[in-house]
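Here chain A shows up in two complexes: once beside chain B, once beside chain C.
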Partner chain A sequence: MPKVKIDGVELEVPAGITVLQACELAGLEIPRFCYHDRLSIAGNCRMCLVEVKPGPPKPQASCALPVADKQEIFTQTPTVQKARKGVMEFLLINHPLDCPICDQGGECDLQDQAMAYGFDRSRYHENKRAVPDKELGPLVKTSMNRCIHCTRCIRFATEVAGVEQLGATGRGESMEVTTYVEQALATELSGNLVDLCPVGALTSKPYAFEARSWELTKTESVDVLDALGSNIRIDTRGAQVMRVLPRLNDDVNEEWISDKTRHAIDGLRHQRLDRPYVRKGNKLVEATWDEAFGAIAAKLNGMEGSKIAAIAGDQCDAESMIALKDLLTALGSPNIDCRQDGAKLDGPRGSYIFNPGVRGIDQADAILLVGTNPRAESPVLNARIRKRYVHGNVAIASIGPAEDLTYPVVRLGAGPATLRDLVDGKLDFAQKLQGAKHPLIIVGMGALSREDGAAVLAMARELAEKLNAVREDWNGFAVLHTAAARVGGLDLGLVPGEGGRDVAGILEGCQKKEIEAVFLLAADEIDTTKLGKAFVIYQGHHGDAGAHRADVILPGAAYTEKPGIYVNTEGRVQVGRRAGYPPGDAREDWAILRALSERLGKTLPYDTLHQVRSRLVAVNKVFAAIDQQAPAAWGPFGKAGATTDVPFKSAVANFYMTCPISRASKIMADCMASRSHLMAAE
Partner chain B sequence: MAMITADPKDVPQVAHFSFTPEYMAKVEEQIAHYPPGRQASAVIAVLDLAQRQHGWLPRAAMNEVARILDMAPIRVYEVATFYTMFQLRPKGKYLLQVCTTTPCWLRGSDAVMKACQHAADGELFSVQEVECLGGCVNAPVVQINDDFYEDLDEASMNKVLDAFRRGETPKPGPQVDRQTSAPEGGLTTLKGE
Partner chain C sequence: MIIGTWLFTKMRGELVGTDAEGNRYFQDKRVVAGTRRKRWVMYNGVAEASRVPPEWHGWLHHMLADPPPAGGAPRKPWQKDHQPNLTGTDLAYRPPGHTLSTGEKPKPPYEAWRPG
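Let's look at the complex of A and B:
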């Protein structure tokens, strides 16, 4: 390892890193604009100048300079200071200095660094240049006069998002960052451009002029709009969620989040259930909690357990799911299910999680996608696969929908028959998988939530075992979920008990009048027309499909309004925190169930959040290991059997609208319109 | 205030562009200069061919170049807008690139420029002010399409333009009596054995 001396302090640093990174290891902050950990090095802003010995007698860009043994690095000399001041002065020549009307104000790298290196007046008496703003779609607002040409946005679009649409045209004073041909960015990750832009050239359109960063309360939480469980920071002002930003977590989302995670939050303001309702005749009328509970008790008291059923939704926290399950058990009902889409998953833990973890993608050398379109199902995870592709030496193939995933994919076929061929070693790709050290098989809900899902699952397992993809040091069997609540639900056993019914069975029972009461815990993705004449209790936060059909509505909290545990597709247990209170009379979900249980005479044995969480750990000890991803049990699962030749479809037809929150979001509707406009233009 | 517009919206767009078989052969030859998979390296040459065929570079031509070289269109736009040799607007048959950098200016490029501007009609002649063309020793210099016309003044410039008007191609190089950059009126030194 090279030894360097930074400002007189000796330090041993890993070989191959840059001088800037070495300075960071030494605890020094080097100012920068263009350098970004996750993007290629551009070295074009010159803000990171340092002096290096041995080397030419001039300051050098530390971000693009590799460390060498016996190097001496000086970061604070008068030359360095003066050089950086010079760079800053040049950067500000054409910058409009309009901080008071700029949304980046308060969290702007240029503003911060101008405090350290800026000059208090301008020596430039010419006119500043004026650059036309660009149209980049419904999420990214541009103010291109402010652009300092760091090219971070261009590199992000090209490298991470995989949409080569942004570039720098012209040169010298005429250089412009642009798409040239006016068009929205065809990516689900465009919001990240706003975070990356070190100045206020790219800002958030929906958040334009809404708030200043210092007025916001920041809460660290996790996202539930897809199953990745991206780590987020929720910024609120009063009760209102103003924006969602990514939090750094290299194991999960690095520092990216999808546009849905970031911008569906306006859906939290619309169509909210803020008080209980009870159906009287054909109409849902406002009620008190007491009346609502009374109506439920009147119906359920004395009803046989086998006639009661419950379905848990896709965004439920673990606390409410365990309360639901405990309540149903107390009522004597085995009819409970958390798999609204009918996914045939109930085996050992290894059968339903993304075993290798998101980090495993970095290691994989052959990737097979089965019945999934990761770009729609989890754009950030898709970007991770793309990152693996960019790194090189990986073969990627898919069985299922043919979509542009932003990296080349060999499409082997459309349905189960192709998977069978692969298992039998009939396709060329079988050799590739066979030869791979770390084969990765990603199975999507599109392959599992169908009639023959169990048989497909069995085939996927057979393939994994045949490839020796499941062993001590590697488990390449990966299930990509679409529902944030699903793994948690399966971990807690929200599947039919002895003789119990699954979702299809429950709906069938409703029609045959064998099921008389159904509890929907924020479950909106089922066909509510099939609920027949059953008495429907809907507990949730949005007036979506479930609430419309309900006989009693219990207003719950959305993910930003309650502390809650979620288990992501990798099986990582993560804690979401409350960023604000639910509207009106709405309450935290587990507490509603606890209160209801008392009214039904089956009081659940927990009174505090802490007690519920102890109960979670008692049911499944994975809940004790927060933020961890541990190797999961493997064993036989799936059910060998006949498959149909119906092609696999992605479980997510429309990325922008997948849940009650995103369906209520106007911004997501705008994104959809802009995207279909783009598709039509192509 | 200088307004920058890389995508001139007032430029007529062309619906379709494709290389003629002759030009396509040249394109293929250019691509063949680079190893397989590195075809994008030929972008400047191929853009130049497109410009030679069409006279200027409409967006349709840039898109076609992107398609042939398997590049994202924006990467081609970047190159085409970077180099001033690429014309993104329709040009007259002869493009008069008048050098006005110091040496040419000192030697009277203002008068040459005046003559050119007078002639510019957008059909036969277009004018463009350019920086040093690298022929300072024969200043003032005007590049007309692929050729340099040197040692100009207003009168000789007009003569050159008139010749073009008549459909002739005047002889490129110095418009005074000298051979390339040798002394005017013949050798002055090194005359002996």
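Let's look at the complex of A and C:
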């Protein structure tokens, strides 16, 4: 390990890092614009100049200079200061002085660094450069006069997002960042460009002129719009969620989030359930909580347990799910399910989580995708696979839908038959998997939520065991979920009990009048026309499919409005925090269920959030280990059997609209329109 | 009306003029070389500084040498009538959403679902 001396302090640093990184290890902040931890090094802004001995007698760009043994680095000398001031003055030659009307104001790298290195007046009398603005789609607003050509956006689009649409034309003063042909960015990660831009050249279009960064209350929380559970920061002003930004977590989302996570929040302002409703005659009529509970009690009291059923939705927090399960148990009903899509998952924990973790993708050397389109199901996870691809030396193949995943994928086939061939070692790729040290098999909901899902799951297990992918130091069996609540639900055992019915069974029972009451906990993805004449209680936050069919509506809270625990696809337990209060009369979901249980005479044994969480831990110990991930118990699961020839479909047909929140979002609708326009042009 | 000011006005005041509200404006009778003459106002009613109209305000604070002509200063067509500060009175401004404000209440920050 090289030893360097930084500003007179000796330090041992890992070999192969840059001088800038070494300075950061020493606790010094070097100003920079173009350098970014997760992108390739460009070295073109020249803001990170330092003096290095031995070396040429001029300041060096520290971001592009590798450390060497016995190097002496000076970061605060008068030469360095003068050089940085010079660079800043050059950058400001063409940068407009429009901070007061710029959305980046208050969180702008250039603004901040100009405070330290800026000259207080201009020595240039020429007109500033004018650059036409570019059209980058419905999410990214451009103001290209402000661009300082750091090329972070170009590098992000090419390296991380995998769309080679952004580039630069011209040189020197004539340089322009552009898409060459005017078109929206065809990526689900375009919102990150706004975060990356160190100035106000790329800003958020939906958030334009909405708020200033210092007016916002910041709440650290977890995303529920896909199963990855990206770590987010929710910025609110008063009751309104103004924006969502990513939070750093190298184990989950690094520092990216998808466009849906970031921009579907306007859906939280539309179609909200803000008061209870009770169906009278053929019409839903506004009611008080008391009337709503009364209507439920009148119906359920004395009803046989086996005639009651409950379905938990895709975005429920663990607290409300355990309250629902406990209530149903108290009512004597085994008919409960959290798998709205009918996925055939209920084995040991190892059978339904992404065992290697997102970090495991970095280690994998052969990846097989079964019935999944990670780009639509979890774009940030897809970017992680792409990162692995860019790193090199990995074979990626897929069985299922042929989609552009932003990296080359060998398509082996479309359906279960191909998977069978692979298990039997008939395909060339089988050898590659066999030879791999860390084979990774990602099974999507497209393969599991079908009639023969259990057989496909059994085949995937057989393959994993045959490849020795499940062993002491590596578990390469990974299930990619589409719903944020699914792993939590399975951990809490929201699956049919003895003699109980699953979602399909419940719907069938409704039509045969064997089920008379159904409790939908924010469950909107089922076919509500199949609920027949059953008495439907819907508890949720949006007026979506479930609410339209409901006989009683109990208004609940969306994920930004309640503290809640979510378990992501890796089996990582994460805590979401409340950023605001639910609208109108709506309440936190577990509290509604607790109040209802009292009216039904089956009072649940918890009164505070702490008690509910203690109950969670009592049911399953994983809830005690917050933000930890490890491969889980392995055992027999799946059910070997006949498979059909129906090809695998991706579980997410449309990335932009997958849940009540994103369906209520106008911005997501705009994104969809822009994307289909783009597809039509191709 | 404060007795001291009333007495002072009786002894030393010279009436300069009266505004539309009936407030009377005085200046010191005596002229002392090298000093400026004291100017003050006797309110017709409540002593509330914002009742002084702008043209008299200018004179009172020695911004104008001469008092406004009798019948008021010449006005432009776009000038509005002077209005005293209404804070603390019933006519005070109250933002929309204030419990005492009349008129349209602000909408909630969300759009509620209504069964169709």
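List of remarks:
Everything that follows uses one rule, which is that the second predicted complex is superposed on the first by the 682 of 682 C-alpha atoms of A that agree within 3 Å, B and C clash if a C-alpha of one lies under 4 Å from a C-alpha of the other, contacts with A are read in each partner's own complex, and residues count from 1 in each chain.
To be clear about the criterion, a residue touches a chain if its C-beta (ideal position, glycine included) is under 8 Å from a C-beta of that chain, and two chains touch if they have at least 3 such contacts.
In this text, all values refer to a predicted model and were calculated from it rather than measured experimentally.
Of the two partner chains placed by the overlay, only chain C lies in contact with A:239; chain B stays clear of it.
Contacts of A:166 after superposition on the shared chain: chain B is touched, whereas chain C is not.
Shared-chain residue A:271: touches chain C; no touch with chain B. In the superposed pair of complexes, A:347 makes contact with neither chain B nor chain C. In the superposed model, A:137 lies in contact with neither chain B nor chain C.
Of the two partner chains, chain B is the only one touched by A:178; chain C is not. Across the superposed pair, chain B and chain C touch chain A at no common residue.
The residues of chain C lying in touch with chain A in their complex are 108-116. Contacts from chain B toward chain A in the complex involve residues 1-7, 59, 72-75, 77-78, 81-82. Residues 238-240, 268-275, 277, 283-284, 542-543, 547-548, 583-584 of chain A are the ones that touch chain C when the two sit in their complex.
Of all residues in chain A, those touching chain B in their complex are 127-132, 158, 164-171, 173-174, 176, 178-182.
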